[in-house]
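Chains: A, B, C and D, in written order; residue numbering restarts at 1 for each.
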């Protein structure tokens, strides 16, 4: 039985980690870290856990925790882990970091977009970007530190990856219009996230400046083999969970000047996702919807070719707290410990939820 | 491996049965009955089931189905099962009926409240009212027909049962004010259930005439040992799932004219639910909320004594599609086949959902 | 043109006052008081007011304000006005107080339920309880201080008033089960009011202890001519606006032991509300719903007699920010200045909203 | 007092016409046409209108209606008006058509996208496209037939118009990603629009094939002076009202190869909208949100320049039932009869609504 600790266990992603790990046969959570609720019972913070979790919240002492568990999940604000991580800690425990601290290889890019100084850049190189479907081979029992991808990022990249990798689209034309439920905004008490402010409203935010932009660009750049610059626009939707991305890109014409066919595009998706358990390529003309993935680790993807404009419209949907956070973190943990990748993640989407 | 058939598999309760049984280790669903979607793939009706269920919807031929499965769940409109049930069918298969056809022992009461003639009253006596926490002893491998309780009813009865049974309240004063999410209204295409009609609204309906009233009265009557008449008022709430009941009753004064204490009332709950896995008596001053049970088979209950008025206010919350329908049906099935009662039902509530 | 000042203009009730007064032909708002947003433009706080209101938020200096306006609306926390009010202020300006400070005549009751000391009890006697349909005669150009009723209270009282006044029900049996949209919880940044906490949930709160209880009891006590004690249970509903009350009471049997007829009960409502512009007695069998009053100053009421239990179920619906707060405040202001009572309040309910 | 008739008065747009015209000092609605509710009281269909509208719904006899009113609003399905319109009718009455029948000048384009034959193409040329801010000069007392623009279209065009007209963007790169509340889907009883299907979900639909596409292309083509082809992707959002469009286009570099500045872009908006009452160009860095326009005739627009990609992101928000339908129809009616354009339309946005 693996022992796990969660720093930030009382945020929404932390809570989802608890829900998922509760049903994982090989893991036991032994540390519920929560700066705001130290010494309070976890099930008094999340009452769904009444009779299920009896533990009391502890502080976020990473050093102490490293000596007690096999794996630490950090569901914490940007800069937290970077400010505390040491070689000693990493030598004793594996870490799956749900924050952005080790996602971006170029520390200057990180510091520019996040507006903070990176306190432990020496670990960036070692960290593996934990997008399992793309980087599975690098997430092994030898890996110590996984940078768990962002919610928008996971959805944006997985939706476009096969077409970028296969050179089917002109990456310079890629535009990502993303829509997210409100749990992505966290559990902090802010007027902007009050029920009456979010309900009956939709808005874009962080236009041209959202921090998931460089993460998308870096990863798609690896796939494209060149520098990629995209427009990424997130929107806040009055629902609890779910991310939908709608992406636009010009198809690359073939030598005979014709556009790639639907079959060719579908084949590209099949090539990369045909064997993937958690990526579902939908049937023709079926658009991804967040309701069909809620509560599960699935990403649903599909596309429409618009011959009039020569563009392809790509769509992807996932549950931001599962595949976009806690589920993917557990998927990474499974790989880190040589467990079956889907262990604890055969969550059937719940509808209506 | 038990084989199960579902008649009405494409309604919301039917869909939830599929979700739950998909995770049940001892059961396989082999018949997805759906009058409206015959020959269509089930996962084209509920796309959450893409890659999980590959079956095609079949008709509702109960006789044919009885020869192929061990248990049939009927998630069908009132009168459907009563119109088709025969001794031959019952001799071949066990049935868990999610409709009201066999819930009410007095056929005249059934016919008055439901406004239809009962076509097979000869089976009413045999049917066991499947409120497991109350009638567990009668739901055995010898039982052939279970009348699965209604959603409002399950919540209303379990919330009041210990106090009625122990004579702590004056049952003539019992008032049940119930609030339900919209999945309880079913998946039929009606203007009244459109998003724009339900959203941003709350209303009472069926005031003084809702069909769950006589079911509550009959069952609480057994507990009280006398005829019980209640006011039951359901309300439609703009949310997908969940039922909350708020019940009011005058406490019976003790011989010394004092009111029962909180401790005495709590003891009554503990007496009946102390060992129950799916009923959670909350801690003092914690009110049940539907969000904490969503997706699970739990009923959360609690109470407040108002000394000013001499009344006790009882509260109960459950997920109408789980403990209020499909979850309880599976709980009954487990009892019918001698399986562990909670098999397939250790569903951790999902928050936020 | 009357000049008005609003203290607490950036709360939800304050915002609604601004919306309503913007369309009032006889009033001009000249002071937008807001402790939290001093010196910020009002339309940067509520961007719906862009191009409509150009004023900057000011502090809450009641004395200074009293010298500049004809009427002050205080949409402030309990204790604010009581802590500042003086004879000098009242001698210069009329005040409509949307807080509870002067609603309850018995200062001991106020202090017990609100848990604070009342700093200016000398004005309680003078204050008129501004439930216009009941106290219209006392709200005149001679009145200086109006205690604007609470949102739950307005709905609860108006729904029951005619039956209490006419002695048709046994007031000792009155139970008020109330459901409110979330704007009633205010615009403060609290975790409990975040979108993800309120959405997909319903809960009771303040059970047996909500502060609107003594206000309901006092006013219905005047109608009944005796002390009244009720159960009042508020619930939080995932919608922005609206309050629905469902009230239960035993009908008083007539000397011949029969129950009052529907016609008699209807006649009681007609007697008190037949000429009322803002109270709509619905037609038989039509239940009040919050969607039909949203954005308006209407209260919709109706009732169902349950002969089985001898009770009557009363229902009332209003918009908590309009008739439950700002609209009623303007109605009171109109009376205070001898304007037409409905001036600025002919707001057509907006559906779907 | 003008007399108006509404065909399709019981749809959501028709209901909004009634709400707005109820507050219009120069118009009286004398015909509430509704095929589905003939002979029923209008206020039994929309109970918000109880005590406000006492009329009974009539049929959709256009000829008879033409003899009784000054103006007809047709809020009807595609093809309805085209199938009935005659020179005789048009000679007797002005018509504001909220359907798409006369919006598109090229009848072949209409027939291709709508999949129906146009039954009266002889009136297409005469019809004026009623986007008031662009075509005001053509909507005069001499005009007989106004094609009221679509909801998505109004928002999409007004958001981009100044930049297209001024040649600041490369129109071939224009992409419109639109999000709509559910009232845009109409009041028909369809499973897809049930509360439980829409709530907690976001999806794209009509990808590459939505019928508002050619309407956007035609109108922006006039502004650009060339054929325009765009990607338009609508999404369904779990809210009642509101449309938000997010548009992407490459900025045209100036002769010196630099991008247009923010100031230049802002100046273009000011040039066209500086005097417009209903178009609000927001301040820098403020993104339009649907909540700030709800219930009003405003369109809020703004933009962000992304120098990294050379694109501009345009955003626009409106209430689909007001500026996107009924409000704009009344605006057109005002112009048709020489009234003040904003008469009856000084609707203050309602927040939270």
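Everything below uses one rule, namely that contacts are C-beta pairs under 8 Å (C-beta built on N, C-alpha and C of every residue); 3 or more make two chains touch, one makes a residue touch a chain.
Quick caveat: nothing in here was measured; it's all calculated off a predicted structure.
Chain pairs A-C and A-B differ in how many C-beta pairs are in contact, and the one with more is A-B. Ranked by separation of Cα centres from chain D, the top chain is B.
Here the CA centre of chain A is 38 Å from the CA centre of chain D.
In this assembly, the C-alpha centroid of chain A lies 46 Å from the C-alpha centroid of chain C. For this pair, chain A with chain B, the centres built from the Cα atoms lie 37 Å apart.
For chain B, the set of residues that touch two or more other chains comprises 12, 183, 196-197, 199-200, 238-241, 289, 291, 294, 352-353. In the complex of the two chains, the chain B residues touching chain A come out as 12, 15, 19, 22-23, 46-52, 183, 200, 240-241, 280, 282, 286, 289, 291-296, 300, 346, 348-353. Residues of chain A touching chain D in their complex: 175, 177, 179, 181, 196-197, 199-205, 207-208, 229-231, 233, 235, 237-242, 244, 246, 248, 287-291, 294, 304-306, 308-309, 311, 313, 315, 352-353.
On the side of chain B, the complex with chain D involves touching residues 12, 182-183, 187, 189-191, 193-200, 238-240.
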